[in-house]
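In what follows, chain A forms one complex with chain B and a second complex with chain C.
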Partner chain A sequence: MNPSTLASPTLLSVDGLVGVVFLIMVAITIIGGLIACNSDRLVRSVAGLVVCFIGVAGLYFFLNSPFVAMMQILIYVGAVAVTISFAIMLAAPEENKKIGPPSILAGPLGFATAALITGGFTVLALKTEWHVYKKLNDGSMKTIGLQLLTDYSMVFEVVSIVLLIAILGALVIAREGRDN
Partner chain B sequence: MRLTLLNVIVAVVLAIAFAALNAAYLVWAERRGAARIQRRPGPNINGPFGLLQPPLDGIKLMAKQLTIPGGADKIMFITAPVLAMFPAIMSFVTIPFSDSIVAKNMSVGVLMIFAFASMGSMSLLFAGWSSRNKYSMMSSVRAVSQAVAYEIPMLITAITVVMIAGSTDLMEIVHQQSRSFLHWNIFPLLGNSHNILMPFSFLIFFICTLAETNRAPFDLGEAESELVAGFHTEYGSMGFGLFFMGEYANIVIGSCMTTILFLGGWGCPFGLFPGVWWFILKLYLLIATFIWIRWTFPRTTIYGLLNLSWKILIPLSLFNLLFTAGLIKVF
Partner chain C sequence: MSVLGIYNELNTYLVIGAVLFGMGIYGMVTRRTLIGMLIASELVLAGSSVNFMAFNRFTAPDPVTGQVFALFIMAIAAAEAAIGLSIIIAVYGHFKSIDAEDTAQLKG
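What follows is the complex of A and B.
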């Protein structure tokens, strides 16, 4: 991007509105994450997670990859979140109860982990030399498919092995439940 | 068309108006159709043919008090009906009614519509859970297990059509069927695909649409005899109204998708009128079939329903997918 587009555009121009939409998406993601972490009721946490996923999908869409954005909604909102809420509803009837007082170490340890991760990402983001392209490729299904089966076929295979292991694990757990 | 802010706003307002109007007047059509099938008059007092019934119903619903049950989760209780309507309206944005009438054509149109359709089950879950009513809860669990089960064969069938067209762009899919009406995807041999299984794909897709929109004979989620009224038992006033409008808006979207994927979209068999009228004709014929089926078939059982999907439709649609892939590879 050339510097002229980075110079703050007026609010009602196209660039300005796009920026506002971007900020709204970021806000939705963060608010969703906060709801997911801080609510007492598990189902509300799932609702927060859904909001967060939608925000992330909006960010993908903003970054010129509509395919990934739609897959994010289809898979994470439509399948993963529904499955999680299913599991919660079937497994935990007393969702109002707190699980118990948190241990003394939970706060500092959590804070340290969060600080470590945030610091790591910050250092990474600052140290990396970013190549800013206007558009890397068209982000279409065809391009993604070709890339997955050529340049990134190894990643593709590893992901399918992970999924296979997950399915086998689910089957094993379900079998044990059946014997009882 | 230049993409200005005004254009976008007009398109979105039109999409919302179309969704809401359809939802309101399909309730009227449904009641008239039911009455005709059951040999009774149906709503015919207010206005000619009872056409003023939907706005009056709307006013009545809005004037009512929105009661929230004591133990309910207030925020989610109010959010759920909104979530029922929101994905339906989002989907209308990308549906092409003719080669020029579309709010925003997207290269991933098919995916977008299925992505937002899959959000509908979240609203059912939230509604059932936040009402604090065991019948609502059971109903929403049923409705969601049904939605998850039928989403799979529906998506697989949609993928076969996408493979034949080589695109997820809804306009492109219609353009490929536009040579003559024998090139519509539903027709075997002469159609685009030369695939003799296409009529079965159409049937699978249509059955899945029925199940996804919780319509009879698959309306196990609102089985009155077992579950009071299903997930919207505790909803009164416009909360109930929004669930109903969401249901009908989803029927319209399901019919639009069937028209676009299998019946050639705005393609006209004889070329008498502009395409958009053909699209609307096909759309409302499909919706009439929905209503006809609802008042003709008795409700199935939940096990029968789930078995139909997991044991029959999914294997069939998977076979269809492989068969189509083979055909595309050979020819």
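What follows is the complex of A and C.
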């Protein structure tokens, strides 16, 4: 993108070390995702999801938005992963009991679908010539806060209502059948 | 361009997002329990968020839009996880199983 960064950095310069940290973050993301979608036990799968989300938060730091990275760790690692682990503890006591053998076709077909989609997106991304536009502002945390309460205030309120309804709905649904 | 400089390339992030999306799709197809499918769908959402943030950083004129979009994706994902998990707990209370093959009837 930026021509000034095209010179290849050496390993021990600042740019080189930043590149090393980036590669570590990518490795954490990919390994966490592989654990999340491949492990037999659901608890390990949630742990892999946490590892993957921490890697994604690192990628957000590299994309110039520490605010979204912090929110990623707070919301996903702090809330969503804990909620999923609670659901596993409440609803999956028999992890090892397999109800019949899994279908032989599921693994290869799933892999083929995923490889096709990933390959398609990759080819699309590499072949397209993306246009770069001039930045209007710096995208800092202060700008996000200002725009969230001015330009995006309607969406902000709608999302708040969606979250409120989700909480109430989750309470109502999970409470059903508790009496008997 | 050496391998240490790829963190400043748009295509790197797009490929990472595509890989996360593909892993989520693979998990959704192969998982047999409902919670496993929910975990895989979180991977899909993470992949799309990475794409939004990459375009936000490299091409978009207003660098706030993508970050706000990623925040809204997080909010919707949290709501989806809460609703989905309470449905899973209700289904477990009814069927005593969260295997997707067992819970095939709509009758309550």
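In this text, the second predicted complex is superposed on the first by the 130 of 180 C-alpha atoms of A that agree within 3 Å, B and C clash if a C-alpha of one lies under 4 Å from a C-alpha of the other, contacts with A are read in each partner's own complex, and residues count from 1 in each chain.
Basically, a residue touches a chain if its C-beta (ideal position, glycine included) is under 8 Å from a C-beta of that chain, and two chains touch if they have at least 3 such contacts.
All values derive from a computational prediction rather than experimental measurement.
Asks: Quick check on the superposed pair: does A:Ile24 touch chain B, chain C, both, or neither? Answer first, second, both or neither.
Replies: After superposing on A, A:Ile24 lies clear of both chain B and chain C.
Asks: Figure out whether A:Arg44 sits in contact with chain B (first) or chain C (second), or with both, or with neither.
Replies: Touch status of A:Arg44: first partner only.
Asks: Have a look at where A:Met89 lands relative to chain B and chain C in the superposition and call it first, second, both or neither.
Replies: first
Asks: Identify the partner contact of A:Leu168: answer first if only chain B is touched, second if only chain C is, both if each is, neither if none is.
Replies: It touches nothing on chain B or chain C.
Asks: Would you sort A:Met70 into first (chain B), second (chain C), both or neither based on which partner it touches?
Replies: Touch partner of A:Met70: chain B, not chain C.
Asks: Would you sort A:Tyr152 into first (chain B), second (chain C), both or neither based on which partner it touches?
Replies: In the superposition, A:Tyr152 contacts chain C only.
Asks: Considering only touches as defined above, state whether A:Ala79 meets chain B (first), chain C (second), both or neither.
Replies: In the superposition, A:Ala79 contacts both chain B and chain C.
Asks: Going by the touch definition up top, name the partner, chain B or chain C, that contacts more of chain A.
Replies: C
Asks: Based on the A-chain superposition described above, do chain B and chain C contact any of the same residues on chain A, and if so which?
Replies: Residues 67, 71, 79, 83, 86, 90, which sit in both footprints.
Asks: Tell me, which parts of chain A touch chain C in their complex?
Replies: Per the touch definition, chain A meets chain C at residues 1-2, 5-6, 8-9, 11, 15-16, 18-20, 22-23, 26, 29-30, 33-34, 36-38, 42, 45-46, 49, 52-53, 56, 59-60, 62-65, 67-68, 71-72, 75-76, 79-80, 83-84, 86-88, 90-92, 99-100, 102, 106-107, 109-111, 113-115, 117-118, 121-122, 125-126, 130-139, 143-144, 147-148, 152, 155, 159, 162-163, 166-167, 169-171, 173-174, 176-177.
Asks: Can you tell me which positions in chain B touch chain A when the two form their complex?
Replies: 5, 73, 75-76, 79, 106-108, 111-112, 114-119, 121-122, 125-126, 129-130, 137, 141, 144-145, 148, 151, 168
Asks: Where on chain C does chain A make contact in their complex?
Replies: 1-11, 13-33, 35-36, 38-40, 42-43, 46, 49-50, 53-64, 67-68, 70-72, 74-83, 85-90, 92-94, 97-99, 101-102
Asks: Residue numbers of chain A touching chain B in their complex, please.
Replies: 14, 17, 41, 43-44, 47, 50, 66-67, 70-71, 73-74, 77-79, 81-83, 85-86, 89-90, 140-141
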